[in-house]
């Protein structure tokens, strides 16, 4: 039997996966697992069309888990031990199944958490102390601005152009996206508070304009390169950058992961990640179940996590600790543990978002309109109005 | 194929009526020459016959079958285009071979035909060249070659020798004549060259402004042109047209036919004499074997005389000319021929 | 002129093809005998029209159906009829010249941006392409090399194009480095509206001009040389020879260039998207990006809206092209 | 200098005509603006990821110099730096480790003495070097041969079909007068207008219902009916004198032969252009194959190449290297085909 | 401009050497005609003079200035191309006006010049047409018109009248001659037409295979051709070349010059007589004003005779021909002329 896995890679995980599958096939000669390495774009843009048409691979690594959950296969009858799955992946299971269902559709290959990185060397050179663990956004921006000024840098900080990145801080300032009935709530004061700050910081030159202003719509832009080049002392991105920073910065400067700065209500980041799910349209669900069982097994998850430097999503792996990450960089190890630690700070409003169907609609509106406000095309009030309108259009369309 | 009959053929390009009611019958194996002033419709008529163009009205019969709507390829004619229309991307050899290949001719026969044509046209060294690398006359010869290799039953030749030198032209003319005799193919030949027309034609068709003026064997045309236009058009230099008054001195004993208002005398038929027309020489053109003398009569009418050899005369001198009355042509007020009584 | 050497290589390579074509001729003649020339016309047209109908017309038709139905479903039968709702949504405006007053403000921003882009890009690019083609067609050495130089960017994928130019135009890129050498103020090429628009126009010209240069080069070759010789004998200055001989005779091919350039400019997307992401703000947001985001990129896709937008865009193009073609016909008639 | 004299030739013999000046200026400009980025691209494809991210970028790829120095008894590879402290001559030291803004460095000649240096006083010693790994790794891991074959197949077949069908249609549309000709032409031009990205979803359903998903034919067929090609060829064919066709008809050529023996050779320049375009397009096609092909054994190079683009990270060093590698075949095709865009000859057969 | 001097001009197309060491001096205001067999290099030579082509070696002096590298536009000549090279997208009028507009000529003068040319060329009704809508001869006239409207100081005319009918050709020839006289412009004229060459030329240049064979005024050329080639090439029909044995009967009292191996007699110089050469007629071509009789001598040599008028003779009949010994040409073994003693 042939099982097709559609897989995209940000780093080395494709190779690791391929190794793991080779081992599986050695033990299970009756199943031929083929790893189709594709671009992320395929998963984000082409896979949905294929799924709509009732096509698709047998297993796929997907980030847009919730919105497409109707296409995932309920693995409960096909896995050896559903209880194991419930136990170890149960807390994230809602992220990838329709509301109200208790299906087992897959598991998270990795967890991500948004958070900041600081260029410790720059801070040191500027003689500015790194703000402490519960420093606020204002503290961080002020400190970074001082560094930037003394070191002649282009900006104090940068935050990836992404609704997901924006949402952690929003929640920290008290935002709640989800109305009581589960539909999108109107833009509230929490969002307004942080977005207003961001716009001010942009106008004031603290926020790195090039990331947010130089793009339109919901385009994603990262500022990692600028951080790597020591152009910005503080960078708010996420745990997935660790490996990237480690290879590209090398020994050029010291950097630390800082977790998420605090807002008025919390010091929350946003969780996220990619899940491996089985697709409903498969012809051989049993084989798929066996593959999934193998990949979800504790030792495989552990090895995968260690070799890819990802944050694990397996309850027992997390709980038992002792992960021996495959790196000899102390910075990386420190950063990883900083993120693990910060994962405890995720506020409930943020934690609810990955499993919320309208999150993407909300993110899109946030990015598009905040970007316009930063570029001076819309006033803040207009921007908030447009966000509400955009979200409403999406909801209306869905109900068509 | 062979017999071609055109019935009230008309052709207009938009507003311009180029052919006006052409009726003509061409016998199998006949060599017909079309002559006429530039732009009179000779090429257009050829295109109708070839099938490349469809007449606006009228019919074309080939061997008594209505061929008006038969495509060019199916009429099985060969044509030499006035503009040559050689295939620019093919070598001379390929140009010649193209039509034969279309007929799926065996290679050996093809080679034979091509070498025969090449020899006749003296284009042996050019076989590997492309049209762009040929001189004007060489291109024209290739164009002829392309038509003759095909041994068609009828040829349409549009000024095929116009860019050749006199020597080559004479030999080509002879070759075409021999070809015609050998193949018995019908030939329709357009030319501006009087000698070609006279020597080649079984019959000459004189066209003017899209109308046929006269169809006749060459000598008839020369000796009995039906009207002033044909008389003037055939023969080089042109016939002299003079009023009856002008020629009074030489009319002496000839009876002027009734209705005649004008006489025509060919320059070659005038000769210096004791008495006759008195001419003042205005220009002398020595052509080697003959001399053309331009002059004016007392009345102011211009006159041309051709005399054999090299004549010693010059501008301003006087000459007295006479003419054999048998060579006088008479035309009436409508410019139609009037037979001498 | 094509050299002999090449002909022989070509002859060897093309021998089987030639044999095939000759073989085809036999049934073709037979068919021509039956169907006549009209039959041959359909023979020549049908293969293309079949494929064209299947893969262009049918999808186009489906697209039209999409534009009047809602939902994210793919199959027509699953989609609900919404009538003109998408069109209404797109066209609802208080003042069409002020995108902010429109329900779909981004659509209108994109539309006006596109119009501005098209006019600038097409006019500049065509001038550039014509000049380049003329120069490459002139008596220069190493012509193949120079052609390759100007054609090279066409070989690159839009992503790479965007990337290269981002590198050159970014805050600390080469351009600013050069400005720096001249003690000039650095320019934020990609974050200031005017510069960024200029950059988008420039980069898309860079990326595509080679394409048009090639078409024009082929067109220039089709102009008989002896006309230039006649013009030279007529004492024509080069510029005038260009306007009076080259341009009119190049016209059929220039028309291809204009139409294609127009269409491609309206469809501008990839490289500009990579370069500026549509920014700064929305100043480089063009219709295709809008359609792409609505129809694909946003997780809640709205294919119906995207189709409606694309149909509006296509109808604008059709009008523009018809105007073009009408112009030619008028020229032909003249 | 030789190259320059070779590349330069003036119109007016020995004198400078203004057109010569324009020509040289233009070509020079082209060389820098059009071709400069190519050089950067090739150079960049040999840079390590860290160097790619570097500001300000360098043209040439560099690698850092290292030395083997015994540290606490074991030999270690240490990076070399040039250190310039005030009042002292610059020297080359190896860095043992860096703590904050202070680097502990040693002189390779005297590895025992640790010298503390402010990090702003040192610059790495680098030499030009190629990160061949950018090429080696993908070529090793990546089923390059298979992808190459798929790409060649798709490109070759699509180009041939495109050339044949488009030229046939263009012939009909340019050299025959028939009813509906303008309608067909208009339809073709009008459909040029629909942006590909919009048609993709409907096209997907068509291809899917024809069972062409995950088949190379599914990639080939939808692309070959390009209206562009028909339009391009048709306009070019308009410039071929009709008299040549007439001559061929007199030569008893069938319509097919007129197409094949007369029209096609005379359209060679435009065909070459279309062939180049078709090859470039099909070779670089990305979006559509991405949709149709989801099995790796069917991937074309571009689709394969794209797997280096993740959600959060794009591995540019591999993408650039593979871009350069995959460009080579099309460049060769271009160089081969462009020569056919020479000397139009259609007019020379006529008087 | 005016004086043109060519110094050891050579031109090769690849391997083919088309012009071989051409030396020629043309005086200001002179009308020189180039004649020669098809493909001998006439057009090529014209192209070198015009500046459209650069010679492979050698120099061109115009008014004693080296013009070898001067561009065509700067030489200020006007040219009629053998292939016409009309601008296909312009009307006839625009074709004519184009060169004048280049010279920024005031509109009034332009109109005047154009209407003068149009009248001379009889193309008035065609002014609004494009070349594609013209007949061959009409195109050629437009091509001539394009050259003459410019009033250049020198004309290069490549077979300008080849596609015109006899009548028009005569009048055009006269017009060109008048134009030449009026403008005093140097004219270089390529033609295959003997009459044109003889009547127009101040001097005729005879080319063969890229070499100049003779440069001389027409009558000299006719009467004293320097070699057999020139003798044969000038005059239509061709000169008869006969061995001394063949012509023995008519040599009677003429001293055969030393070294002569062959005689040449023009067909026009032979006439029926009581005694002389005995010829058997093989073909009679009646041209109206004259008759060309082809025949064979006893030795088997073919011979051509032109007699004025219409002669009644036919194939197989015998004729006896005589010749005025003054009209005999002698050539030696190298085919060079030998003067009669």
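Letters A, B, C, D and E mark the chains as written, and numbering starts fresh at 1 in each.
Keep this in mind: a contact is a pair of C-beta atoms (placed from the backbone, for glycine too) under 8 Å apart; a residue touches a chain by one contact, two chains touch by 3 or more.
These figures come from a predicted structure and were not determined experimentally.
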| item | value |
| --- | --- |
| Set of chains adjacent to subunit B and to subunit C | D, E |
| Fewest hops from subunit B to subunit D - one hop per pair of touching chains | 1 |
| Nearest-to-centre chain - CA centroid comparison | C |
| Chain pair that, of all pairs, has the most C-beta pairs in contact | C-D |
| Most distant chain from subunit E, judged by the mean position of its C-alpha atoms | A |
| Longest centre-to-centre distance from subunit D, chain (CA-based) | B |
| Whole-Å separation of chain centres (CA-atom averages), subunit D against subunit E | 59 |
| Approximate Å spacing (C-alpha centroids) for the pair subunit C, subunit D | 18 |
| Length of the line joining the C-alpha centres of subunit A and subunit D, rounded to whole Å | 33 |
| Inter-chain centre distance, subunit A versus subunit E - centres from mean C-alpha coordinates, in Å | 91 |
| Set of subunit B residues in contact with two or more other chains | 71, 82-83, 89, 130, 132-133, 136 |
| For subunit C, residues contacting two or more additional chains | 1-2, 37, 74-75, 224, 226, 249, 296 |
| Where subunit D touches two or more other chains, by residue | 11, 55, 201, 204-205, 254, 257, 345-348, 350-351 |
| Touching residues (chain side subunit A, partner subunit D) in the complex | 4, 6, 8-11, 14-15, 34-44, 46, 49-50, 53, 55-57, 63, 120-121, 124-125, 222, 224-226, 228-229, 231, 238, 240-241, 244, 247-251, 253-254, 274 |
| Of subunit D, residues touching subunit B in the complex | 241, 243-244, 246-254, 257, 261-262, 265-266, 268, 345-351 |
| Residues of subunit C touching subunit A in the complex | 70-75, 80, 82, 85, 89, 100, 103, 105-106, 170-171, 188, 190-191, 196, 273, 276-285, 289-290, 293, 296-302, 305 |
| Residue numbers on subunit E that touch subunit C, as the complex places them | 50-52, 71-73, 76-79, 81, 83, 85-90, 98-99, 102-103, 146, 150 |
| List of subunit C residues in touch with subunit E within their complex | 224, 226-227, 229-237, 240, 244-245, 248-249 |
